[in-house]
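Listed below are the structures to be examined.
Heads up, the next two complexes both have chain A, just with different partners, chain B and then chain C.
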Partner chain A sequence: MIALLTFAKDQTVGIARVLGLTLYYIVRGRTDRRVVLEQMWEIGNRSVFFVIVTLGFLGAILIFQTSFQSQRLFGDVSLVGPASLPLLCRQLGPALCGLMVATRVGTGIAAEIGSMVVTEQVDALRMSNAQPVDYLVKPRFYASLVMIPALSVIGVFTAWMAGLLVSTAVYHTNPSTYLNFGMVRASDAIEGLAKAVVFGATIPVIAAHSGLEARGGSEGVGAATTQAVVNSSLAVIALDFLIGGIAFVVKAA
Partner chain B sequence: MIRVEGVHKSFGGVPVLSDVSFEVPTGGTLALVGPGGAGKSLLLKLICGLLKPDAGRVFIDDAEVSALGETALMPIRGRIGMIFQNYALFDYMNVGANVGFPLAQLGTVSSSEVRERVARRLADVNLPNIEHLMPRELSGGMKKRVCLARATIHEPPIMLCDDPTAGLDPVSTNRIFRLLKRLQQDNGATALIVSHEVEYLRPLCDQVVMISRGRVVHRGGWDARANDEAAQFLSGEGVA
Partner chain C sequence: MSIEFLDIHKAFGTNKVLDGVTLTVEKGQIVFIIGKSGAGKSVLVKHLVGLIQQDAGRILFEGEDITHYTEREFFALRKRCAMVFQHSTLFDSMTLLENVALPIRKHKGLSHGDSLAAARDKLALVQMHEMAARFPADIGDGLRKRVAIARALTLDPEYVVFDEPTTGLDPVSAVRVDRLIRQMSDDTGVTSIVVSHDLRSIFGIADRIVMLYQGRIRLDGTPADFRGSDDPVVHQFVNGLPEGPMEL
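What follows is the complex of A and B.
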C-alpha cells in the first residue's frame, strides 16, 4: 500500500513538473508553427475516423437502449433524442472522446518520446540546446488543446446523428421530433467544451511524462506506453467527475 | 579543460562510479578505456551535465557543470560536440536536418549558411550529397559518420566521443578514427574518447584513463605498470 502511494505521489509530482515546464516554455520558448500543424494533423485529423466510428456506435447503443427502456416504461420515445443531447454535450461526448484520444494519441506520444529516450535522441536534443519539454511536449500540448475540443464536437454530433438513425429505423421516430434542441442549454455546451479543453491539456502532458520516464530498451517503452494509457484514462475520468461537480455547484449557486 | 574531482554515482544503491578523478588539459586528448559496464559512458554523461553526480565535482574550464541547472548549461553544451554510442540520430529528420540541427538551434546562423556548412561537413566525412536520406537508409558506418558530422558542425572546442566505432567493421573503424584525428587537429579541440580500440587510441590520445568496476585503475601515459590490471587491458589481454 505504501509502495502504491509512493508511486502515485511520484507520478503526480513528475506530471506536475512536466506541466510546469510546458507552461514555462509556452511563455519563454520559441514555437515552430510547422511542428504544431504537423502535430494537429497527427492528433486531430488522424483521429477523426476513430472518433467517428467509436462515438457513432456508442451513440447508437445509447439511443437504442434509452429508447428501449423509455418505450417499456412510458410507451413513448419522443423525448429520447432531445433529452440525450445535453447528456452527450455535457458528459458522454467529451469523456468518451477523451478516453478514445487517450488511447490513440496518448500511446503514440509516450511511445515516440519513450523510444527517443532509450535511443539517446533526447540526450542529443539536450546536447544541441533543445529542451525536450520545449521541443517535444509543447507542440503536442498546443495541438491537443485545439484538436481534442474539435474532436469532441465531431464526436457529439456523430453520436447524436447515429442515434437519429437508430431512432428512426427501429422506433420510427419522426426526425423533426428527434432533432429538437429545446432541452440543451448554453451551460451544457460550455461544460462540455471546458472538459474537452482540460483533457486536451492533460493527455499530452501525462503521456509525455510517461515517455520521458522510459528506461532501458523496448521493454521500457512498452511499460511507458501502458503507463500513459492508464494515467491518461484515470485522469480523464477523475477530471470529468471533478469538472462536472464544479459545474453542478456553479449552476446551483 | 575538463576536470573530474572525486565523482561518485550510484543507481538504486549500487555504486557505479567511486571516487573518479582526472583532468584533460585544453587541446589535450584523453582515452577513457575499461571493460564493458565499468561506467565510461556514464562518466561522459556526467561531464556534459546530462546526469548529476551523487558526490564530487565536474568542471569544464572554470564552470562547475555538476552544480549548474539546464538553462545555465546551455552555453557550455554549445561548446561540446558529442558522439553517442547508439548514433542518436533523430529518426524523423533527414540527414541534412540532423547534421544542421545544432547550428539551427543556435539561432544565429542563417538557413542558407546552415545548408552550406552541412554540405561541407558531410563532404569532410566522405558522405557528400546524402542530405535527403533518412537515418534508416544508412549503414552503421554511415550513421557514425553522420553523427560525427553533427557533433562537429559547430566546430566545438570540446569533443566527447562515446565508443565512436562500436559495432563497426575494421575498415569503418579505421576511417572513423582517421576522421576524428583530422577534425580534432583542425579544431584543436579538447577530446575525450571512450573506446575499446586500444591500438587506434594509442596514436590519437596523449593520455589514458582506465576505469574498472567504477574506479580509476590507471591514469597517465600508455605505459602502465607490468602485471597490473591496466597493463593487461592496454596490451589487449583483457580483464577478468
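What follows is the complex of A and C.
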C-alpha cells in the first residue's frame, strides 16, 4: 500500500515536471510547424477510424438501451434522440473518446519516445543541445491539443448518428424527431469541449512521461506503453469527474 | 589538463552500480574503460557529460568542478566533450547529412544551409560524404557508426567518449572503426575515452586501460600491465577465459 502510494506520488511528480517543461518550452522555444503538422496527421490518422468504430457502436448501444427503457417506462421514444445529445456532448462523448484516444494516441507516443530512450536517441538529443521535452513532447502536445478535441467532435457526431440508425431501424422513429438540437445548451457544448481540450493537453504529457521513464530494452518500452494507458485512462476519468463537478458548481452559481 | 572522477557512487534503486570510482584521464590519451556487460561502464562515462548525475563524489573537468552543473551548464561542456553512443543513435527520420548537421545547428545556432555545409565537411572526414543524402536505415552498422562518429566530431571536441564503438560490427568494420579512433587521436590530439570489452580493440589501440569490476576500479595501467597482471580477475578477462573467479 505504501509502495503504491509512493509510486503514485512519483508518477504525479514526474508528470508535473514534464508538463512544466512542456509549458516552459512553449513559452521559450521555437516550434517547427512542419513537425507539429506531421504529428497532427499521425495522431488523427491513427485514431479517426478507431474513434468512429468504437464511438459508433457505443452510440448505437446507448440509444438502443435508452430507447428500450424509455419505451418500457413511458411507452414513447421520441425524446431519446434530442435528450441524449446533451449527454453525449457534455459527458459520454468526451470521456469515451478520451479513453479511446488515451489507448491509441497514448501508446503511440509512449512507444515512440520509449524506444528512443532505450536506444539512447534521447541521450543523443541532449548531447546535441536539443531538449527532449522541447523536441519530442512539445510538437505532440500541440498536435493532441488540436486533434483530440477534433476527434471528440467526430466521435460525438458518429455516436449520435449511429443512434439515429438504431432508433429508426428498431423503434421506427421519424428522423426529424430524432434530429432535434433543441435540448442542447451552449453550456453543454462548452463543457464537452473543455473536457476534450484538457484531455488533449494531458494525454500526450502523461504518455510522454511514461516513454521518457522507459528503462532497459524492448521490455522497457512495453512496460512504458502499459503505464501510459493506465495513467492516461485514470487521468481522463479523474479529470472528467473534476471538470464535471466544476461545471455543475459554475452553472448552479 | 585532465578529467578527474573522485569517489563516484551511483545506485539505481537497490542496484548499486558504482561504488567509489576514482579515475583520472590525462589529455591526449586513448583510455579504455573495460569490464563485463552491466559493470557500469556506460553509467560511468555518462556522468562526464551530465546524462547521469552521481549520488556522491565529484567530477573535475580541467580543474572545474562540474558535480552540480545544471543541464544548461552541461550544454557548454558537451561542445567540448562529445559522445558516440553504443546504439546507432542516428535519427531515422533525417538523412545522414541532416543528422550530422543537427548539433552544429543547435549548438552554434547556424542557419540550416550553413550547418549542412559544415556537416558535409565532417562526413568527408570519415569518408562518408558520398552517402550524405541517404537515410540511416539504408546503410550498414559499420557505416552508421562512422556517421555517428562524424556527428560527434562536428563541434571539434577536445574529448570524445566512445561507448562500445565496435560492438555488433563485423570484424572488418570493427578494425576500421578502431583505426579511425587511433588516427583521429594522432591527427587532432583529441582525448578519447573508449568503453569496450572488445579485446582486439583494447590491445590494438589503447594507451591506457582501466578495468571496472563490482563498482570499483580493479586495475588501471598500460596494456602491458594488463597482460602481465597476476590478478586472477584481470587475467581471466584479458584472456577471455570462461572459467575463473569473475562473478557472472
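Throughout what follows, the second predicted complex is superposed on the first by the 253 of 253 C-alpha atoms of A that agree within 3 Å, B and C clash if a C-alpha of one lies under 4 Å from a C-alpha of the other, contacts with A are read in each partner's own complex, and residues count from 1 in each chain.
Throughout what follows, contacts are C-beta pairs under 8 Å (C-beta built on N, C-alpha and C of every residue); 3 or more make two chains touch, one makes a residue touch a chain.
As the structure is a prediction and not an experimental result, all values here were calculated from the model.
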(Q) After the alignment on chain A, I want to confirm one thing: do chain B and chain C clash, or do they fit together? (A) clash
Q. Is A:Ser176 contacted by the first partner chain B, the second partner chain C, both or neither?
A. neither
Q.
Contact-wise, after the overlay, does A:Glu120 reach chain B, chain C, both or neither (first, second, both, neither)?
A. both
(Q) Quick check on the output: what are the common chain A residues between the chain B footprint and the chain C footprint? (A) 119-121, 123-124, 126-131
Q: Would you tell me which residues of chain B are touching chain A in their complex?
A: 45, 48, 50, 70, 74, 77-78, 80, 82, 84-91, 101-102, 105-107
Q: Using the touch rule from the top, collect the residues of chain A that touch chain C in their complex.
A: 119-121, 123-124, 126-131
**Q.** chain B contact footprint on chain A (complex, rising order)
**A.** 30, 116, 119-121, 123-131
Q | Sites on chain C touched by chain A in the complex | A | 46, 49, 51, 71, 75, 78, 82-83, 85-89, 91, 102-103, 106-107, 151
